[in-house]
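Pasting the structures here.
In the two assemblies presented below, chain A is common to both, partnered first by chain B and then by chain C.
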Partner chain A sequence: MRVGSWLGRVGRAVVARFPTEKMNVRDLVGAKEVPAHRMSWAYYLGGLAIFFFLIQVVTGLMLLFYYKPTVSDAYLSVEYLTDAVPGGALIRNLHAWASSAMIGTVFLHLLTTFGMKAFIKPREITWLSGVVLLLVTLGFGFTGYLLPWNQIAVNATKVGLQSVEELRAYLPAAVAEWPRVLRETFQGEASIGQATLSRFFALHVVVLPVIVALLLGVHLLSVQLHGMSQGVDKPTGRAERFFPFFLMKDFTVWGIAFIVLFVLALALPFDAFTAYPLLEPFNALGATPDGIKPEWYFLFMYYPLQLVPFWVVFVVMNVIVLALAFAPWLFRRTSRKMLSVLAAVAIVYIVGISIFGHQIYMLFKGHPL
Partner chain B sequence: MSRARTLLVWGIAAVIGAALAAPAAARQEYYDYIRKTSGRPIDCAMCHVNPSGPEGHDAGQIGSLTPEQLEQLKHARAAFDPGQEVHNPTLNAFGNHILQVVGRQRFLDLRSDPARLATELGAISDLDGDGIPDSREYRDGTHPLKPRSGDPGLLLLTNLRRGSLELALILLATVLGLYGLSHLMRGIVAARPAGPPAH
Partner chain C sequence: MQHRGPARRRNGPRRSRQLVWVLLGTTPLIAWHLAGLTAPAGAAPSPDPAAQLFVDQCSACHTIGGGKLVGLDLAEVATWPDENLRKGVKSMEDYVGALSDEQVQQLVEFLKDPKNKERVAAAEARAAPAAPAPATPAPGEKPAVKPATPPTKKPPAAKPPAPTGAGGVPTPGAPSITPAPTAPPIGAAPAEQPAPVVTAPTAPPLNATPLPSIERQHALPFGRLEIAVLILGFVVLIAAFIIVTDTVIGSARAPGGVSADALLTARRHLLKGMFGVVGAAILMSLGVFDKLLRFYQGPRATPDEQTEFLDRTLQRSRLTEAQQALELERLRQDYIFVARLGDLKPSQGLYFIDYALRPAMAFRGADGLPWLLSAKCTHLGCTVKASVNAQGQLGCPCHFSLFDVRTGVPTPQSVAKAPLPVLGWVLMDDQGAVVASRTEAGEMNGKPDPAKLDSYRVFIAKRFAEDLV
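Then we have the complex of A and B:
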């Protein structure tokens, strides 16, 4: 009876978050206003993340014309695409740079939203869908990383999947096998091989895009229904119409982002940041080469994993994810100032560990990784 | 007489063995130097066909060479002076280029001072055409035959120069697109029945 009543309350709350009487063009677009204040720049981050996602979809579809998801052909098809197909290197670079830009923007969007306390009633569903979108975006990064089937891709994925199984040591006997089952489910066979590549490919190009499309639909509808949050403690009272003024500025930001992205894709190969031996085709019989690391957006977990026991990182990361998921209720009474400080600390940590992680590791361990 | 012949055979075998072993010994000094100065992980693929080096039976290694290629190897290993055309089948274009420019003897001598190899290679040759001289790529631990491997800053500058027309066109297209879009949206607003007043 209690569960039924609780479910009823949740159901009514969800229905209340999607008022059907406001689902018309006038309310969703015409009447919407965007507050103007010192943090207004943060309102552009969500749109920017969508823009990078669209770039990913378009360039990803173009890459699909040439990419072959088999262990024998994946590497060669990527090499052929990059070296022989006209514009292939540009499209691949756009995909690679936009993936990093998308993940960075999603991180920043989530943290600024957190700092502006934009998750409180009636925006709980917007927030929750945003947190899940961040996790799905990281999933895109993890699955896409394997696809070129080179040394760093396969070895880093191997390390990532193996770390799942490390959980086993900390679980009670009844569920101790779950991490292994989970790893093998993603891996598809005893070690990384064709089954893993097929599964990661399916996840990357079908499953995750469908999840993102659904979540993004809910997220955007919710944003348009409830409008932008005030975001600051003392509203200025000024606002601008969403259509056409804010939207035009949004598109201008997209235009600037596109030019920056194009410059990077044209002039700076994403591969230039990785040592060439790590970009050679994966050799199953060879030793693991030096310098295997995940992409920059996983370094905030990677370096702690090298420095402290696994269970500590696991517990801390889960607490953070749960705290983010339940933020609308956990931080309901927390001041914006405190939330901004927490968000700033998170940004400093992520940027700091991503740039100086190796030096921090050396400082504590006294030897290179 | 027979003993003398045996000694002669062993002597020749020792010379051939030393000649075959010499490049393996030579590699280590260069390998250590590049790793130390660049801080990047490298492997034998910088100069050799096979990333594991010339010894072995895989593609590009001595054990897999045809008699014709073995003949080429023999000729290449005899090219002690600079300026000779070299086609060592276990070396890639950069490896052969080094031997052609400095000669095998000098290459072996430079083991004691691997930094000088960069100077002797000069700043003109750029085998992959990425705008970074091979000698700089050797020092940086990047691949002289892969245009996507190189110092990111230098690659950025070179490619910006080369792609200036594409950049100008994309800039123009983006500006014009935004201009058209803003007019389209203003048109939509103008064509709509009067809504709430703008702020």
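Then we have the complex of A and C:
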């Protein structure tokens, strides 16, 4: 009975978040306003993330024309695309740079939204779908990293998946094998091989995009229904019409982002930041080259894993994800100032450890990783 | 908009200026970091290219008068006839990538030069200031192998001055393919290496003909200066953008609503903007369409390019095929041949591939019987070196873990914590009859004849492997 009434309450709350009477062009587009204040720039980030996602969809489709997801052909097909196909290197490079840009934007979008306390009633669903979208985006990064099938791709994926097994030490004997079974199920076989490549490929180009499309629909609809959150404690009272003014400025930002991205993709191969032996085709029987590292957007988890016991990182990461998921209720009474400080700390931590992680590691451990 | 605040215009431009300062302030930091990631674009040409070439390409496996490493001590080749020496140098292309005729000639002359040792020392001294001091391992943690192994010479964070690639293209950021940076890739062991790879006789001749290197170097066309300029350019762009949007925010609605005048101006701007955007979009789509079409069409390769590409595809397929044959053999066969017991040595392991397709090494134990250890480092899976140091330890080239060869247990200072697994083995005589076996737990079955030990053949057995999993 009690469960029933609770479910009823949740159901009514969800329905209330999608008011049908507002589902018309006038309310969805015409009436939307963007508050003008010192944090207004943060309102560009969501649109920017969508823009990068669109670039990923287009360039990803183009890569599909040439990529072959098999252990023997993956590396060669990527090399062929890069070296022989007209414009292939640019398309691949755009895909690589835009993935980083998208993940960076999504991180920043989440943190600014958090700091502006935009998650409270009635925007819980917007926030929750956003948190899941962040995780899915990281999933894109993880699955896409494996596809070129070079040394760093396969070995970093191996190390990443293997870290799940460190849980084993903290589990009772009856379930101690579960992490291994979980890992092997996820990667499709005992060690990373063709089955893993096929699975990651399917996840990367079909499953995750479909999930993103669905979640993004919910996310955007809620944004349009409830409008932008006020974002600051003392609203200036000034606002800007979303359509057409803010939308045009959105497009301006997209244009600038595209120019920057295009120049980067044209001039700097994303691979150029990786030493050559790591970009050789994966050799299952050979030795592992030096310097295996995940992509930069996982460094914030990678370095702690090397520095502190596994369970600490595991617990902290889970607490963070749960806290994010329940933020609309956990931080209902927290002031915006406090939330901004938390978000700023997170940004400083992520930037600091991503750029200086190696130096920090050397400081504590005294020998290279 | 319940709390409509006082209609005061905030001080936009000043705040933007603050932001710009923050951006400008962080730029050198980021540029510095990026500069650390990439070596200077045009490294000054070495005054002694031959010695430099030797240091970059050969010294990981060879010394001159310093004794034998993975490859020969090259002091002895000075007496070879020129033609043989040239062939010998040329044959190293499988390990170091293409060598031009000029480079081969340089190396031949260099190897014949009685003063070549001094030239190497000079070249190394020149390289030293560019690369920070090698990470010195803790006293008890000395790598087992002579520090000619690249990991100590080339810490990943700092790269040596960019070697010049085969085509004379500077290759900053991409250190030359040093032969066997960690351990030699299984299946491509050089002929003169003391520990040839052993696979069962039924296996394809994986180790007989080393597959030629089919990879190319990817060069980074930018040095640190260009990167810094690029970043500065972005910052200026972003700064300009912030200032512009900040002033445009003036079009935001005043508390009392929008004045008709402002709305008209805004509409006019919007129309003009739309017009520009449409024009640009048409122009751009023409260009984009052209590129898209070419991308879709694919390359029209010349016969030469086609030949080269097909050749590389075939080589990759052969590699995959060889791996799959190895896997199939391990699925089918109950025993995999490792070596004759007489060929095993106590201090130098012989690499082979175990049932789980991991590298492993075979030694001769103190009791005269085989002693098989997994070679997959329990830290991150690198292949452990097979040569035993003076302390009776095996070293992992990646993170300097040291393992006791008699037990497989790592030293306390090592990053690897779990011991290298011990593998079981089976001894057979020439007729293929099982003489003795030992499980990985050390449980012994059968009694080998001490007089015939050397003639026995060592196998790994599937039944032990299944116990292991």
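Here is the rule we use: the second predicted complex is superposed on the first by the 363 of 369 C-alpha atoms of A that agree within 3 Å, B and C clash if a C-alpha of one lies under 4 Å from a C-alpha of the other, contacts with A are read in each partner's own complex, and residues count from 1 in each chain.
Basically, a contact is a pair of C-beta atoms (placed from the backbone, for glycine too) under 8 Å apart; a residue touches a chain by one contact, two chains touch by 3 or more.
Being a predicted model, the structure only gives us computed values, none of them experimental.
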**Asked** Are chain B and chain C a fit on chain A, or do they clash, once the structures share the same frame?
**Response** clash
**Request:** Look at the residues of chain A and decide whether chain B or chain C touches more of them.
**Result:** C
**Request:** For A:37, decide between first (touching chain B), second (touching chain C), both and neither.
**Result:** second
**Request:** Considering only the touch criterion stated at the top, classify A:272 as touching first (chain B), second (chain C), both, or neither.
**Result:** both
**Request:** Return first, second, both or neither, reflecting whether A:76 touches chain B, chain C, both chains, or no partner chain.
**Result:** second
**Request:** For A:241, select first, second, both or neither according to whether it touches chain B, chain C, the two together, or no partner.
**Result:** both
**Request:** Applying the touch criterion given at the start, work out whether A:26 contacts chain B, chain C, both or neither, answering first, second, both or neither.
**Result:** first
**Message:** Looking at A:260, would you say it contacts chain B, chain C, both, or neither? Reply first, second, both or neither.
**Reply:** second
**Asked** Once the shared chain is lined up, is A:355 touching chain B (first), chain C (second), both, or neither of them?
**Response** second
**Request:** Considering only touches as defined above, state whether A:217 meets chain B (first), chain C (second), both or neither.
**Result:** neither
**Stretch of chain C, among 38-46, 326-334 or 434-442, that runs into chain B once the two complexes are superposed** = 38-46
**Item:** Shared contact residues on chain A - chain B and chain C
**Value:** 33, 238-241, 244-245, 248, 251-252, 259, 263, 267-269, 271-273, 275-277, 279-280, 283, 286, 289-291
**Fill in**
The answer for chain B against chain A in the complex is residues 40-43, 45-46, 51-52, 141-143, 146-152, 155-156, 158-160, 163, 166-167, 170-171, 174-175, 177-178, 181-182, 185-186, 188-189, 192, 195-196, 198-199
**Contacting residues of chain A [partner chain C, same complex]** = 33, 36-38, 40-41, 62, 65-66, 71-73, 75-76, 80, 84-88, 91, 155, 158-159, 190-191, 234-241, 244-245, 248-249, 251-253, 256, 259-260, 263-264, 267-269, 271-273, 275-277, 279-281, 283-292, 355-356, 358, 366-369
**Message:** Quick check: in the complex, which residue numbers of chain C touch chain A?
**Reply:** 1, 3-8, 10, 15, 29-30, 33, 37-38, 135, 137-138, 141, 151, 155-157, 159, 171, 173-178, 180-188, 215, 217-218, 220-222, 226-227, 230, 234, 237-238, 241-242, 245, 248-249, 251-255, 266, 270, 273, 277, 291-292, 294-299, 301, 305, 309, 312-313, 316-317, 319-320, 323, 326, 353, 356-357, 359, 380-383, 397-400
**Prompt:** Residues of chain A touching chain B in their complex?
**Reply:** 26, 30-31, 33, 82, 89, 238-241, 243-245, 247-248, 251-252, 255, 258-259, 262-263, 266-269, 271-273, 275-280, 283, 286, 289-291
